[in-house]
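Shared between the two complexes below is subunit A, which pairs with subunit B and subunit C, respectively.
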Partner chain A sequence: MRSHSAAMALLAALAAGVAAAGCTNNPYPQADRDKKVLYSSFHDAPKTLDPAVAYTTAEHVITGNVYDTLLEYHYLARPYRLIPGLAVSVPKGQDLPDGRQTYRFQLRPGVLFHPDPCFPPDATGRRTREVTAADLAFALARIADPAVNSPVIGSFAQIEGFADFSKRLEDLRRSDKAFAALPIREQYAKAGGIAGVLVHGGHELQIVLSQANAQILYWFAMPFTTPVAWEAVAAYDGKDGRDSFADHAVGTGPYRLALYEKQFRFSLARNELWYGTLSTNSDAPGAVFPTEIDPKDSIEGRIDPAYAGRRLPFVDRVTFYREREGIPQFNKLLEGYYDDGGIIKESFDAVIQNGRLSPAMRARGMRLDVTVEPSIFYVGFNMEDPVVGTPAGERGRKLRQAMSVAVDSRQYLELFLNGRGLPAQTLLPPEIFGYDSSYKNPFRQYDVERARQILADAGYKNGIDAATGNRLKLSFDTSATTAAASLQFEYLANSWRQIGIDVEINATTYNQFQDKVRHGAYQIFSWGWLADFPDPENFLFLLACENARSKNGGPNTASFCNAEFDSLYHQMKYLPNNARRADLIRRMLAILERERPWIELYHLEEFVLSHAWLVNSKPMGISYPAYKYKDVRPELRARLQGEWNAPLRWPLYLVLCAIVALTVPAVRTYYRERL
Partner chain B sequence: MHWVSDILVVLLASAAVGVCRYVSGDRFWRENATELWRRRPFAIAIVGAYLLIALMDSISWVDPASDANALTSGKPRTIIDRLFVPETFTEASYSAPLASVAFYGGQPLLHPGAHLLGTDLLGRDVVYRTLKGVRVALLIGGLTSLVVIPIALLFGVSAGYFGRRIDDAVFFAMTVLASVPTLLLLIALIMVLGKGTVQVCVALGVTGWVHFCRIARGETLKLRETDFIAAARALGVRDGTIIRRHILPNIAHLVIITFALSFTALVLSETILSYLGIGLDGSWGQMIDQARNELSRTPVIWWNLTGASIALFTLVLAVNMIADAMRDVIDPRTRREG
Partner chain C sequence: MAAYFLRRIGYGVITLLGVLLLLFVLFFAVTDPDDIARKAVGERARPEVYAQWKTNHGYDKPLIINTGATGAGRFTDTLLAEHYRRMLTFDFGRSDADDSPISRRLREGALPSLGITVPLFVMGLVVSVAVALFVAFFRETYIDRVVLVLCMLTMSVAGLLYIIAGQYLVGQLLRWFPISGFDPNPAVVARFLALPVLVGVLSGFGADTRFYRTIFLEEIGRDYVRTARAKGCGDARVMVRHVLRNALIPILTNVVVQIPFLFTGALLLESFFGIPGLGALTVEAIQGNDFSTLRTMVYLGALLFIAGQILTDISYALADPRVRLG
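So, the complex of A and B:
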């Protein structure tokens, strides 16, 4: 009987142990409970942290916080406005007599790189050094360097000597092996540098452009042009077990990369040496919270006015965990373990009701912020196609107009994006210069009867070609083969079928699709564009003939070429935002309205859910991670997390009782029969 | 090209009538067919109903072009299309089975209470889509079996009967093919061949013949050593004739049973391919794929998945039951009194 008792005692101990364990589902260390740590998630792992190369949102989350830029966007102002970052002021372009233009950036003194072993120790033993204008020139040279493979190399082509430097560097490396073996900085120096990038003293950088271009400033608000320490590039070459510069960020930003397991998690820690902490920079616009606060932002609880003028940053650490699936990520957001996040499609109707947060979400103190992204999603026509394109003349134009009128963007958005988008009237989204909220594109007002009439005017009454008596058959090429995507294309095809046009969907692989585009073997396609910077040029260039896919392999996939449009584009391209530019844009949009190379579908809207403890969270729309402006209230977070995640113990006890109830008779029977 | 499909259907129907006449005229097959019907009447009726639906969805004709209906004029429409009129029998988006208002928003439906299994994201009737999937499933199962069985018979019987080098070569090919993960091979083949009914059938056929080939080889090996084959050889009958007159008739029951069993496996394989985004348009697999995110919606949208799943389950179960009964009835070793 002793062993019988021991078995029962063991069982009871096990039961107690199981009951005591697992009392919390908190995935974070208990020690961080009261710390100012902001928790967020990411889906796609960053591929590179090299600021000259990193281009995706996932990468900008890190590079945008670790690397400072000369200029920044005002966090709260809309339309977007540039403010000085590392630069003392936003420079004004000076027009030179020969048509060139120059910009002079004054770098703030005392800006230090993050402490890193790549730097020799200074007099105080710190392994860092001051940023100079030469570091900015070095960053631009890296963009021009063909070996770096920067995706924005073409965007800086207007800097005088940029392309020449690139070619010179390549030629020297090919012809001279000794040159190719030199450290990168020496190669750049021997190659003569970029003629249009001039360093004056330690803190002035001058850029000379071959022609006036006001939009070049936007590129200095992106991490591509951040100062780069040549020591870091030299030290982290990825050889002999050393880190690669693509995985080892050494910047000047308000946060430094404290932990980087790119497939799983990363963490940004406050940079104690950030330029914003220096007393000399107490008034630097990029180092203090803006004082111009939109009353709407404060009324809606988005921005706390008490923060106006306070020194940045507010949180000590920002930690990101990878979430490959939307549902677990969203569940953790609802449990309070992420401070903000998007809304998954599957739960949208439970979270948003009648365009507002549901009562359940409001009861949790959650806040919804909606912002239109500077984006355009559209259906395009191959303008070189004999049926739908320019060769078809007026008939083709009317066909495109009819197809445009037959597509209901509003219903499309409701069906596929839970209404998370703004039906587009032109390719310009709100907050972009040239956008007119009162404008209604006559060919983007859904009207099936009118579409049928225009189609009949084109000689395709009910979709039957009057010349041949055959039904009009078109093909819609896409590289999306998923079920969700096929439904979207099916919807568009149905829209055209209802006016009699038979549209066949050809879903192929991305490579096959690209091949078709290269050979012009397509009629209709669907595409989207998220602007690099908030300027109309960054949208209108998508339809400039010089960027036609068929001619230059450019982003103008419709291969739309219109002499008048191109002329207006070149006049508008580098103008500052003024009345003349607005007029040029209006005329360009009128051409697009008539010609219909695109059916503008929608501008994407970003829906962000934030918890009550997250302060100063205002979505930017553009890829601009602004964690330095955000703050958290850890005590409120800890309390609400506790309330929302109170362990539900009774199922466990029930199971334990069931186990005991089943086991005890079995054990008793066993001993009775054995003994 | 709809007339090609019509001609094929007529040819297939004629062939089916011919087979029925042959079966009724041959005592062995007539008795077996009667026994099969006695054992599995419901399963046979279900498969018959599926065949009828597929037939109704295979015969199409074009109405004269009319201004009144831009959606349908000039297009071939099948009997199923004419029964459901999918161009007009739609709603704006989701609606629950037999509902009178839309699932989201609560607007009145155009056809209240008429959608037995509700409508999908694009407002299409789920019953109509489910019935349209029948033809695709039967095409996949039937057409692919027509690819698999000749290949498997050719290689299996040749290897089993002739042995030696031919057997080595066939066995090597079988081993190599069996060692490649089937799903990966299928995906690779479809990527190369492209999407389409014939392409998917060929891909499934190329990867699906090994199992039956092994059975045919084994059975032929056994038959090759029997007395009547030895006697035929001794009398100087040519190999081709022996295979045609003695081997093939003796493994006919295996062909029929394998056809039935591989049919269901192929229909299920297509569903998996559709789930991976490389299946056929209009198949149940595509419906299931499109419905997968609907299960995690709040509230749950279950009717799309239900329609396709029930149709698939019923067909596979019925065919499997018939195959099981066939084995019992036709194979003399397993034949027993029902």
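So, the complex of A and C:
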């Protein structure tokens, strides 16, 4: 009996040892070890892959690679520059005599949709078909379709007949049930299409704008305007158990969606039929690696010059795994199981020391890329409020100026974002036309004494209202209720308390906050904006009166309305980047400097860590994540992963020994007492 | 016996209807369907889009009384009636967040959840009961004291710390298992579940072991144990055949109540270990204001809890005939 127990214990220990010997922390199949697979992670699951609707970063990671666009951003050039994608060239706007403007896009021939069961088989048995200009027109019609609920419907309103088509479609659907039951493509055709979208032959798309607008081209570098196969929209309607088009991407891009379990993982696989693989497109700008390489990019190891002129793409598959929590995601990045990623707040000081990578990270061959995102984070005032807004006249203006001078963006960034941001002087970030690095906003230079003086000039000496003798009390409304957000708002409130203003923070639910905004029942709020395209208009429109939240429900949450600003905005809006536009922007910024509807806090900086085996990875900022330019060196990755992750087995044997040490005397005691 | 079961089931049905009413108040009366729609389709969507979304998601009816309808329709064509109908027929509709069918999400999430909760439950139970029996047998010896210290240690540490420390120690330092992730492939799935199960077993070890030890000690002091020993029954036989069997009622109370929750997943473990189960789905529904999914998960949780209570009662009756007579 005693020997039997000992044998059992030995067997168990042996089994555990053998099991541990086969253990590794590598989460990927061994078969993929030497393959050109790029590994990345995502936090929020995509909601939709419908290119007319998808708007979040998580969604654009897929749509930006699965769907090709007529134009795209040069991968390496900064400031950002448009190059042809599916289009043969970047079209020049032609001004028409009546003030209208037109653009003609020439579509490359031979572009095919990803093979998909929604297409009937062709002569060779392939289930695909060539993309035509009609597919581009169909995509624009979908954006105009109110039922699609595209978030960018307003951005195309300048296309002639765009709004009319929307309305016609809506009216017909409401009045005619038979019409509403027709397939979508037939509905669009019967509704007469968009007057300003013309298809000439198979490969030319013309758009006519009601007035000149140079910025419209940026929208053709976004997946919203990608060609859409009507067959896919019809086949994947989400009814009777069929897939929804929102979950079933059928594009033309360099990658196709090979696996889509959106709550958990997805995978992009190389599209063997991509237009870039055709011999006729060997010189297409979007199909080869750029030859204009900034020497700084190659010196810093970001870009390998040997890739110049090579055909894209380089990696065979890009696989994404969902990481809901930052700590495990970051640890896996350090283990080498993700090829690149951001830095979590908890580990920032261990990774970045004195503004550069720590020696430990450098020893691993890691690279740090820092880019200022085309963003602005700000504190806004409700300009319709009688105390802080326009109705308060000069007094209100000085109050806003004093509050602006009292906020130290640099300290705010250090405290809450590990310094990952550039203190903002205006709402325009670097790389955007109109940005002036030498400009110092006099009301954004932190100076408590000066803030107190301006506040006294406003009639609130030490925060006491001279008219009533009461302390000035303001409310800061927010929908962020987390502890971290509360601390940030408390910091801002303290900045104002030090000059005597009592600011109360009112944190409510999102819906309650929206309700307050809708009814104008707020004084101060905090918000952020990430630009859609690299143009000053995409920032300045946030303060145009036509976009005021109180009047039109627009994104101008401050409801700032200034006739001079609006006049300059309309003059600047559609101009190309030239000296006149620069002058208009300067004058607009001067108005904002004086009026202070916002306290500009910072432009966010993105810190990206990349492993040595990831090649040609340059942060893209405003453009879309383009995996076709990136490459990996799997042999180096496998070697380093092996070195960094060799399992440590002796602790297991130690634990087993401890268990045996605890158990054996007990068993011996048991038998001794029984004898 | 049948009357006893029927009575218990009747109580369960009444409780469930009450839970559904409470859910209705929380999710429809307190939360305005217009706000839910606005959150889902965006602040700037047209009114027609709101209306369509509300229709698609069943939020377009009056709350309790439909003044526009006649006859029974005044009460049946309402959100309240629709809520009861949908929940009782398991027609959960679509997610408010991304429009995907909730039933599909439940189907997809059930297996990963069970993959972690069932081994965690079984291993946790086996380890706790075995160690508790062991230390009850060796009570007042060094083994009892060592295990007591271990139990107190594991009980003193917060659940989240187990996860973070487990990932760091086992995944990053010892490198035995992946820090997080999941692969449904049966050949490799165990590698991804090993660490969360280990962490889960360890975090529950102290409390469960102390609880079962107390039960066993209470049984060991009873007359029938002395009688068994007097009749020459061996220690192993006394512990397993007599003490364990007689301690089943309190063990069942603790165990059966947990069984229904195996289906609703492990919230923290799934979230931190990247397991696409129902626990993670619930966390995501809370974070994303996905009311329809959250409503479904709360309902299923309540349903399973009630089922668990009924099962416990039935198991009592089977384990101890005195219960059904009471």
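What we mean here is this: the second predicted complex is superposed on the first by the 640 of 675 C-alpha atoms of A that agree within 3 Å, B and C clash if a C-alpha of one lies under 4 Å from a C-alpha of the other, contacts with A are read in each partner's own complex, and residues count from 1 in each chain.
One rule holds in what follows: contacts are C-beta pairs under 8 Å (C-beta built on N, C-alpha and C of every residue); 3 or more make two chains touch, one makes a residue touch a chain.
Source: prediction; values computed, not measured.
Taken together through their common subunit A, the two structures put subunit B and subunit C side by side without a clash.
Once chain A of one complex is fitted onto chain A of the other, the partner contacts of A:244 are limited to subunit C, with no touch recorded for subunit B. Once the two complexes are laid over each other on the shared chain, residue contacts for A:263 go to subunit C alone; subunit B is not touched. When the two structures are aligned on the shared chain, A:350 is found in touch with subunit B, with no touch to subunit C. Contacts of A:645 after superposition on the shared chain: subunit C is touched, whereas subunit B is not. Rounded to the nearest 10, the angle at the Cα centre of subunit A between the centres of subunit B and subunit C is 40 degrees.
Once the two complexes are laid over each other on the shared chain, residue contacts for A:149 go to subunit C alone; subunit B is not touched.
In the superposition on chain A, contact is made by A:484 with subunit B only, not with subunit C.
In the overlay built on the shared chain, the residue A:26 is in contact with subunit C alone; subunit B does not reach it.
Shared-chain residue A:327: touches subunit B and subunit C both.
Greater residue coverage of subunit A by touch, when subunit B is weighed against subunit C, goes to C. Looking at the shared chain after the overlay, A:497 reaches subunit B, while subunit C stays out of its contact range. Fitting both structures onto chain A leaves subunit B and subunit C with a minimum C-alpha separation of 7 Å.
Residues common to the contacts of subunit A with subunit B and with subunit C across the two structures: 327.
The touching residues of subunit B, when paired with subunit A in their complex, are 65, 67, 70-71, 73-75, 92-93, 104, 121-122, 191, 195, 277-278, 281, 286, 289-290, 292-293, 296-299.
The residues of subunit C lying in touch with subunit A in their complex are 32, 35, 38-39, 41-46, 48-49, 52, 97-100, 105, 108-109, 134, 137-138, 141, 143, 146, 164, 167-168, 171-183, 188, 191-192, 194, 234-235, 271-274, 276, 280-281, 283-284, 289. Chain contact summary for the complex, subunit A toward subunit C: residues 20, 23-27, 29, 45, 47-48, 146-147, 149, 151, 154, 170, 238, 244, 246-247, 261-264, 321-325, 327-329, 331-332, 334-335, 337, 510-511, 514-515, 553-554, 645-648, 651-652, 662, 666, 669-670, 674.
Residues of subunit A touching subunit B in their complex: 327, 345-347, 349-350, 411, 414-416, 452, 461-464, 469-471, 481-484, 486-487, 490-491, 494, 497-500, 502, 507, 509.
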